[in-house]
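Read from first to last, the chains carry the letters A, B, C and D; within each, the first residue is number 1.
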């Protein structure tokens, strides 16, 4: 499983073909509407050749380049989450007969297996966290079915954005585990490593040759370089004690003055799992779909009790988000809920930076154990 | 079983919100079977003073006659539901309320302004009577209207989504036009309801659904400033379709100089 | 198994308890077993409208009727209020960690409730009375804003007649003829007949009241970890997925709703949690 | 003959967009008073535009009318582009026509089925009509719904769509979306065809009258978004010259404004459009028209309804033709080069010619605006028609019959009162 092979660039189409032959719907990165998005792909020509990105707090721009590389960008607004944990989905349907009796039926799940090409280390780590939430313990049937059918082709990241800090959270830029195949992109092709038995069978079906020592060395060097180029980091991997000791820190008010409470950070975060449920009945009222959709701790409904709002002010909502993500997540899943993808920094319309805020609130914390 | 009775009343408006019913297609016929429509001029049913369970009101109140008529609607209706930005927040025509421009315009426009029977302000329905439920949007979203009708028929208060548009924008997988294109999108202070139409069409939201709950208009104004918008333009972002909605009016006034001049 | 799917239940009885409070007796129609522990709750589903978490007040040991006492406060609960006998709703559950009935065995039990907090705690009383030998002295303290809000008066009177049971009632505002205390329920602690060292307390009601009660009970000698509170948070899924009910690292729906005081003490009363 | 004194007041006209009322006083067989009153309060749109940037105009003017927002958006875009001296690309012009086809479909289908047809079949409203004519009503709702969807393709929603902008559109639909739309449009052709035959078979009053038809005329196409302004009295002018021949006038005893061509009432809308552009009909629409046996040009105002059904077919045929050649452009719009100037625009709203003029300064800020909607242009004509239609009908008919006839005449113009009430120069006299 660990032997490395090399897939020449002009043979990459074979990967899509093999996966499609095996019944997978193939998803990969495409530059659309000004961002790298994971969408259906059939042809390598649809991949964003030469496209790169500039990201900074509250700003994202794609740019064209001359490089032949297809994965020379840092992650876009979303990756795996929308494909597994759908933004909106019917859970079940209630039907009322003429006699007033109700019957309930679970919504059908599209079980067609999905192969995602180009997943990043941070996204795989996030996926692992969402598995803990939606599969371990009480199992969400739709998520679990899609997860079972998921085939991931990771591409180790060599082009971190200015907003990335996965090296500091320990989740990247090298995809360590949880993939079926992992690719390292070089100018002339890809070093291929299988990470699972199914991955190996796919790798075996590709027209690869043995990877050279130089190719392997260059691949490693590029990943290491990517880690070294990251400038952002969190003060510590475990900020639970530090954060909860500083619930009245003045910085919460400061950030609340800037925060729009628009929920973009939670929507793009690959680990955020909050969702709300509501009924969508037919006009005649005989049937009703019980639908869930992404929600956010920045929304009014999140902390609403009849006649009472647990988190009335933006300061409470931002604090809930950050103390959960970087703090109480440890209690729930044994680690922080942040995988360092930097999305919440880039896609915050006002550029609020979780690493800066964490530093401001916990910067003086002694390894987070203060 | 008697069917609930409804009425659709029109005040100062463009008629677009009533179309939520007339554009409903097959649902319109279905609705006609579920409720008893007592007054809806555009659909050909006229009984202005019919007593009804639910009255939908389109349009803002801008003449003395309308003030008197909306009071009658209140008296004749079990529930009053405002339909759209004009009825709920004054709508676009409430722009005339700003800085007494109504009088200036009346003078400029009419040869005999004393005969123009308009009030100084175009006001939301709730400025004159109690409103039981408000549907926002210019125009309202037809699906939302029918969903509200359905909940009322179930005997339950409709849902009142007040979250920021960004939540929905992300659910729709639209790429943020502010972050990726530098557009002055009002999504972060605008309530959901439309389905994030503008960002999905690659353009900035202009807040036709009115202010969201807990809208941080100060931070929004600062962001628009950061995008290079002059103060008058920032003011106009707030003072457009829902200029008289709480939050937007104050935010707009903060940036507003006079007469929207460029400065 | 789809954990979100409700089962059909039929409304078999409907009782008005007070102006805005009513009880629904529900019977599951699928004939499948249903077991719950005191303090657990169900998600009740009103067709086409939505779901709300409601505690199971009691199950009648002689029938398969599940009683839920609901205060009509908003969308769904006001909708539930309109249900009539024979109507159908959806029900799924039971959910959550209930009252520490095992830990309470052999001990004196004090139940302090405020407002409709009495509903989730009736099951404690039923359980103790049903296993009378297993528990010590039982003190029942209930506080309400106004005497009109007090439901189940006859029930309290009946309990008060039982041996080894004290019932103490308090109302902030009392109508003439009220024999209970006028003021906060916590003021009744001086009248408690209990052995602090062997007592366990179970609290349910508004958070401020529970905090005051926990402090008061601790002050008269109850150990912190013998004080239990039932928490309320927004719940959409009830199985720890939707994230709404989080209180720090706890999911109230599955780690609670009943917590030992020390588990939640650091955040209890912190605005925003 | 008639010695009775009749006073009919229809306080609120039903089945017209917006609210208006009709006052009719007949004494000794003579019409003593006849006034169509618009009591929609003025909404000052032109004033709202002053001081706004050019790109805000499109979203603003849509709000003049919820029934024909696209007409307002397209006339405004054209006028502003004109002021900036820019010509939109062929793609943009084609898509504007498609967009407009959606509005014609939607508005005409709404008017024919929900507003006008009940008159001819003896129903108060479409709800009653649906019981007896369910298939016809459903066909109408389908066509109307399709129009809304076609608008949505380019505008995201059908009322106050958000897709249009100066220089083009904010977004180009994908090929997949266009293909799906094409299927629906093609599938609707049989509906449109049977609709025309049905409309021709409706019992219509035979009521010839004299009127001047005014419409746009395009060198090759049935007029919609572009053309010169022509009339059957020989008028043939550039859109920019509109104000030299068309003058808005105020008359006593009315609160509304009358637009006159060389001092005379005139007619805009589907009937004049068809009368003046028979040779521009797509061949298949022309064949359907001929098959009805109704002779055009027609001087029967009631043939407006038939003309609308023909235009529904035209809209389908045109949208199909334009979308069959669809390609995704590099950019769906061109950024205008802002400069000081003034520009006019005119398009054929479902109800007729809609004319705009804007003055912008060097920063692209609107300094002046003038909008002449179709309803104000037809105002004078409606009163003339009412007077003579009622006389022709016979004033000795019962009140209810007179009222119904009067309402039918008015509804036949499909007046859009919301549009008409942003009038700016309005002199009011009361006695």
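Everything that follows uses one rule, which is that a contact is a pair of C-beta atoms (placed from the backbone, for glycine too) under 8 Å apart; a residue touches a chain by one contact, two chains touch by 3 or more.
This one's a predicted model, so the numbers in the text were calculated from it and none came from an experiment.
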item	value
Centroid-based (C-alpha) most distant chain relative to chain C	D
Busiest interface, counted in C-beta pairs	B-D
Distance from the mean Cα position of chain C to that of chain A, given in whole angstrom	40
Length of the line joining the C-alpha centres of chain B and chain D, rounded to whole Å	25
Centroid spacing, where centroids are CA-atom means, of chain C and chain D in whole angstrom	64
Mean-CA-position distance for chain C and chain B (Å)	43
Where chain C touches two or more other chains, by residue	47-49, 74
Chain A: positions in contact with at least two other chains	278, 281, 285, 295, 301, 313
Shared-contact residues (touching 2 or more other chains) in chain D	none
Pairwise touch network: line, ring, star, complete, or other	other
Touch relationships between chains, expressed as pairs	A-B, A-C, B-C, B-D
Chain D-facing residues of chain B, complex	10, 12-20, 22-23, 25-26, 28-29, 32, 37, 41-46, 48, 62-63, 65-66, 91-93, 95-96, 101, 105, 108-112, 115-118, 122, 138-139, 141, 194, 197-198, 200-203, 206, 208, 232-233, 236, 240-241, 259-262
Partner chain B, residues of chain A touching it in the complex	32-35, 37, 58-61, 77-78, 82, 87-88, 257-264, 267-268, 278, 280-285, 293-296, 298-301, 312-314, 346-350
Residues on chain D engaged by chain B in the complex (per definition of touch)	11-19, 39-44, 47-48, 51-53, 56, 59-60, 63-67, 69, 106, 110, 114-115, 118, 123-127, 130, 137-138, 141-142, 144-145, 148, 156-160, 162-163, 165, 170-171, 363, 365, 416, 418, 424-430
Partner chain C, residues of chain A touching it in the complex	91-92, 94, 96, 100-106, 133-134, 137-141, 244, 247, 273-279, 281, 285, 288, 290, 292, 295, 297, 301-307, 310-311, 313, 315-317, 319-320, 323-324, 327-332
Touching residues (chain side chain C, partner chain A) in the complex	1-8, 29, 45, 47-51, 73-74, 77, 86-90, 232-234, 236-237, 239-244, 246, 248-251, 254, 266-267, 270-273
